[in-house]
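One structure coming up, written as structure tokens, with questions to follow.
Chain IDs A, B, C and D follow the sequence of writing; residue 1 opens each chain.
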Amino acid sequence: MLHANSAVRIFVPLLSFIILAAIYVARQRSLFIRRIYGLTAIEEAVGRATEMGRPMLGVPGLGGIDIVTLQAVAILAYVARIGCRYRTPLLVPVADTTLLPLMQETLQDVYVSEGKPELFDPENVRFLSNRQFSFAAAVAGTILRERTAACFYFGLFYAEALIFSEVGQQIGAIQIAGTPSTLQIPFFIATCDYVIIGDEFYAASAYLTREPVLLGSIIGQDLCKLLLILGVLVGIVVASIWPIYLPLIKSFLLGAG
Amino acid sequence: MSLSSWIVQNQNTLYLLVGAFATLGLYSVLYRENRLYRLCEHIFLGVATGYAVAFTWNNVLEPYWFQPMWDKGEWWLAVLLFPGLLYYCVFSKTYNWMARLIIGFYMGIAAGQGFQAFVNDLWPQIAQSFRPLWPHAAYAATPTHKAVPAVTLPQAFANFLFLVILLCVLTYFFFAFEQKNRAVRGASQVGRWVMMLSFGAIFGLTMMARLALLIDRMYFLLFEVGALPWLHTPSGRPSWVIFGILMGLVVLVLVLAHFNKPDRV
Amino acid sequence: MGLWSGFFHPVHSKTLLALYIAGVLFACLVLFLVLQLIPVPARRHVIRFVTFLGGLFYALEFFLPVAKSGPHADQNVLTPYTTAFGNISQAIVGFTIGLGVINLFQVHLGRLVKRSSDAMFSLAFFLSFLAMFLVSLWHHSHPNALSRALNHILFDGLLQSLDATMFSLIAFYIASAAYRAFRVRSLEATILLVTALVVMLGQIPVGTYLTHTFPAPLRVENIRNWILTQANVAVIRAIAFGLDIGALAMSLRIWLGLERGNYFD
Amino acid sequence: MLRLLQSLDRRYLYALLLLSVTLPFFVPFQLPVAVTPATKKLYDAIERLPANSFVLVGVDWSAGSRGENRPQTEMILRHLMARHLRFAILAFSDPQGATLGEELAKEIAPQYGYVEGVNWVNFGYRVDMVNWLKAFIQNVPQQVKTDVRGVPVANLPVMQGIRTARDIAMAIDITPTASYQYYIQFLTQPLHMPLGVGLTAVMAPEAYNYVDSGQLVGMMAGLTGAAEYQALFARQYDPRLPLHSRVNAYSNANSIAHLLIITFILLGNVAMFLERRGRLRATRRG
């Protein structure tokens, strides 16, 4: 679909309104969200690295500045914050040149806000390569040479995911991964200690920081999902009872703008 | 014979030797991190970066920027250098905030494109979920003149299963409440099980694609490199010499691994 | 880049062109210094505004109504500019390749200067970088027999081989990951294991041969297809629903400047 | 023994895997093959084509999926040549496709006495698939203009009687991507032309829907599909082919490697069970 049709013009603003309204409500009073298992393990992983006196590794995936990678940056910033408290450095290899300044800025902010700007070493954030497999080769090399004790993989991953997560597993690092690339989740499950699945990834920064805006957003997303389920059920009822109207609904949803 | 004509004449041999070196060098990491792997890794970084820079110039900056600006005289394109160089402000303490201007602009672009991506990904999936739960005959005449195919009993049953799986998995992904209710907890648990079913399937599915890559690499070594004239391989047959070298390396690695225990830190 | 040609006219004399470009660059410098005059507290709002502007173009282009017929069918006022906008933003991003190169050079020059134990590898990095970079540029602008041969050796022989080898390395890792992880430890792990095995058997001739006398629904390739086309689709769709909504929410927060936490405060 | 299996150095697994993918190249053997219906349908569709028909072969793969797609392409080309059908190679997804298809065709052509330009032609790599196909339907020689060698296709003997795409008897697309769906939408469905595909194992499940609905006349799925196709082909045309063919070597290597990994997974589990039981007994005695 190149342009919005009427269904899009009705439903996207409606969904957006729900999310924004939930954010507004969340600013007034505190809201609850459930436990996300992989994320509770971050502190444990940082603790392990600190005990062993080894650095940690955080890979923000292959994406550039996009929605998924920004979320990944937020999660890695949290990891760096915990690491900063324990004086355990986080190595961040990036695969996109525009992400390099963003990542450096973010980590510097973290160290400044924790009151330890002197601990921040810009060389910990490194551009390696924007080519998928040379990036993978270099990350694998980094893991093996630095013997990173904890590895965090958050962001967009493709086939290369298995290369570094398996290498990390082989040297016995504690590993936590989360990605919206559903096809890579099986490989993370086979190699990592904790994996967060699907949109737990988007819920992560809300869960970690407890920012009202982010919590509200999560509640809004839940309401949107309820609405989606309702829509699917309505469609199923129509398809079952009045099948001749099914093409009408489909063309309303999918017709050209 | 000059060097350049020698290179041109022997380019295929050089191509094969370089390829064989790259293959064995990277595979050496299967034993452990070592100097050969590190060399290959750095060469890989070097050629990949060199290629990326040349590619950016050849395919992006030259055709979209330099050529129109310098050859066609479109001088106003010089202004693009400004936002491009703003990124480099990140290296300065005073001007550092200006890098955020351009980074913010691109974040905005990503967010703006998000609407179209959202609709194009989600809408068809919603429409395809409208599946009848009981059988019916085919209809030719509908308000939009599109025929509706018949639905058989097994299809209807499959559709029912589809709905159940969809709802169970979605239940797992609700965050707003503790999953205390038994029905909710049960649905969410089933949701996790079917997710594992799906993930196992994806794992198995990917196996063939990855093995095919390995087989193809072996074909490269045994047949293409094996066809080098001084190996005296009969044409169309794999090279025993290369096979011998490979197996020799394998035995060497196994013996070394037995005595060195490379996994111990 | 037809975006501005309506307002400006190309200049064809090279001297004049150089002057014009210098003028543009000077104007950019002035703009840069003016931007620096923005008081610190206001900068955040400027960045937010720029972010909003970046998103506005694509959002409006998607949502504004389009002509139903005529020469501009399926277009609205902004559609004709998408190509130019895309090219411009690609060119701007093109300038950032230098950021990566500077970063790589900092690291490897540092190692060379310090003559650390890894200096040799940094040297290999620089040599391969230069070789690939120069050959690519040369081959693009003035191709001849030698440049073609060198490109063949470096690009097809080295870079492609390194790529293919690293990719095929996954075959080894997928095997060891499967061996280690697929154990009957819990119900979830068992489901993962069993479906992976069924799918693997269903995609090799021996597997299909084992069950080819069974009734159709029990043949291993049909079970594999059922898992992959029925259960798998439902699971992936349910996950996609949540992911898409999550991405929409994130887009909204960034676009409207609501995002909180690191970097955004 | 138990201890060994439980904590087996992964390098032994790697070594066995390497052995299992190289040995089949040296030691030809034949594993039993059961032909699945989808492959049989594709084979029969080509068998049904009238003599001297013209077939379009989309070679939309590159080095990344060569291991799976090349054997499939090889079998299709062999079958077309054995039946003395004319064919054209065409690539959309990747410029490499046209080159790889050409190399392959030239490798097998002598065995069947095929001559480029007379029996087959390479249309080369084309961009903008959708719009290209729209113009291609109307006038084939005018849209193609020249083949990869730069020879105008209108004068080639192989193109005799081919004016519009309606004169093409069948299309086949071999691809690791969704390019075959564009063939369905913009070429074969509008013209009611049969379309067969060779797909990587990853892409195959999705395509079964199209086989069911008849939009695809048949398909080969991954290496296994190629091996099944070869079994069918050998039965009819060349019984001696399979043993030494590359398709067979690839497929054998794939099967053995799969079986090796399956065996290892099972052994790992057996060892875990036995060890668990042993541990239980030990605690009871204690």
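In this section, a residue touches a chain if its C-beta (ideal position, glycine included) is under 8 Å from a C-beta of that chain, and two chains touch if they have at least 3 such contacts.
Everything numeric in this text was worked out from a predicted model, so none of it was measured.
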Higher C-beta contact count, B-C or A-B? B-C
If I average the CA coordinates per chain, which chain comes out farthest from chain B? D
Chain centre separation in whole Å, for chain C relative to chain B (CA means): 10
Taking each chain's centre as its mean C-alpha position, how far apart are chain A and chain C in Å? 16
Just the number, please: Cα centre separation of chain B and chain D in whole Å. 21
Residues of chain C touching at least two other chains: 62-63, 93, 96-100, 104, 160, 162, 164, 166-167, 169-172, 174, 176, 178, 180, 182, 192-193, 197, 200, 203-204, 224, 228, 232, 236, 239-242, 247-248, 250-252, 254
Provide the list of chain B residues touching at least two other chains, using ranges where the numbers run on. 26, 29-30, 38, 40-41, 44-45, 47-49, 51-52, 87, 90, 100, 106-107, 110-111, 114-116, 118-119, 129, 166-167, 170, 173, 195, 199-200, 202-203, 205-208, 211, 213-214, 216, 263
Touching at least two other chains at once: which residues of chain A meet that condition? 4, 8, 12, 67, 70, 98, 101-102, 105, 128, 130-131, 133-134, 137, 170, 186-187, 189-190, 197-199, 203, 221, 225, 228
Taking the top-of-page definition of touch, could you list the pairs of chains it picks out? A-B, A-C, B-C, B-D, C-D
Which of the residues in chain A end up touching chain B in this complex? 1, 4, 7-8, 12, 31-34, 36, 65-67, 70, 98, 101-102, 104-105, 128-131, 133-134, 137-138, 140-141, 144-145, 147, 170-172, 183, 185-187, 189-190, 197-200, 203, 218-219, 221-222, 225, 228-229, 231-232, 235-236, 238-240, 243-251, 253-254
Per the contact definition, I'd like the list of chain B residues that touch chain D in the complex. 30-31, 205-209, 211-216, 218-219, 222-223, 238, 240, 243, 246-247, 250, 253-254, 257-258, 263
Tell me, which parts of chain B touch chain A in their complex? 26, 29, 32-33, 37-38, 40-41, 44-45, 47-49, 51-52, 87, 90, 96, 99-100, 103, 106-107, 110-111, 114-116, 118-120, 123-124, 126-127, 129-134, 136, 139, 141-144, 146, 148, 151, 163, 166-167, 170, 173-179, 195, 199-200, 202-203, 206, 263, 265
Listed in rising order, chain A residues that touch chain C in their complex are 2-4, 8-9, 12, 15-16, 19-20, 23, 64, 67-68, 70-71, 73-74, 77-78, 81, 97-98, 100-102, 105-106, 109-110, 123, 126-128, 130-134, 136-137, 159-160, 162-163, 166-167, 169-170, 180, 182, 186-187, 189-191, 197-199, 201-203, 205, 209, 211, 213-214, 217, 220-221, 224-225, 228, 256-257
Sites on chain D touched by chain C in the complex: 10, 13-14, 17, 31-34, 36, 63-64, 201, 205-206, 208-209, 221-222, 224, 227-228, 251, 254-255, 257-262, 264-265, 268-269, 272-273
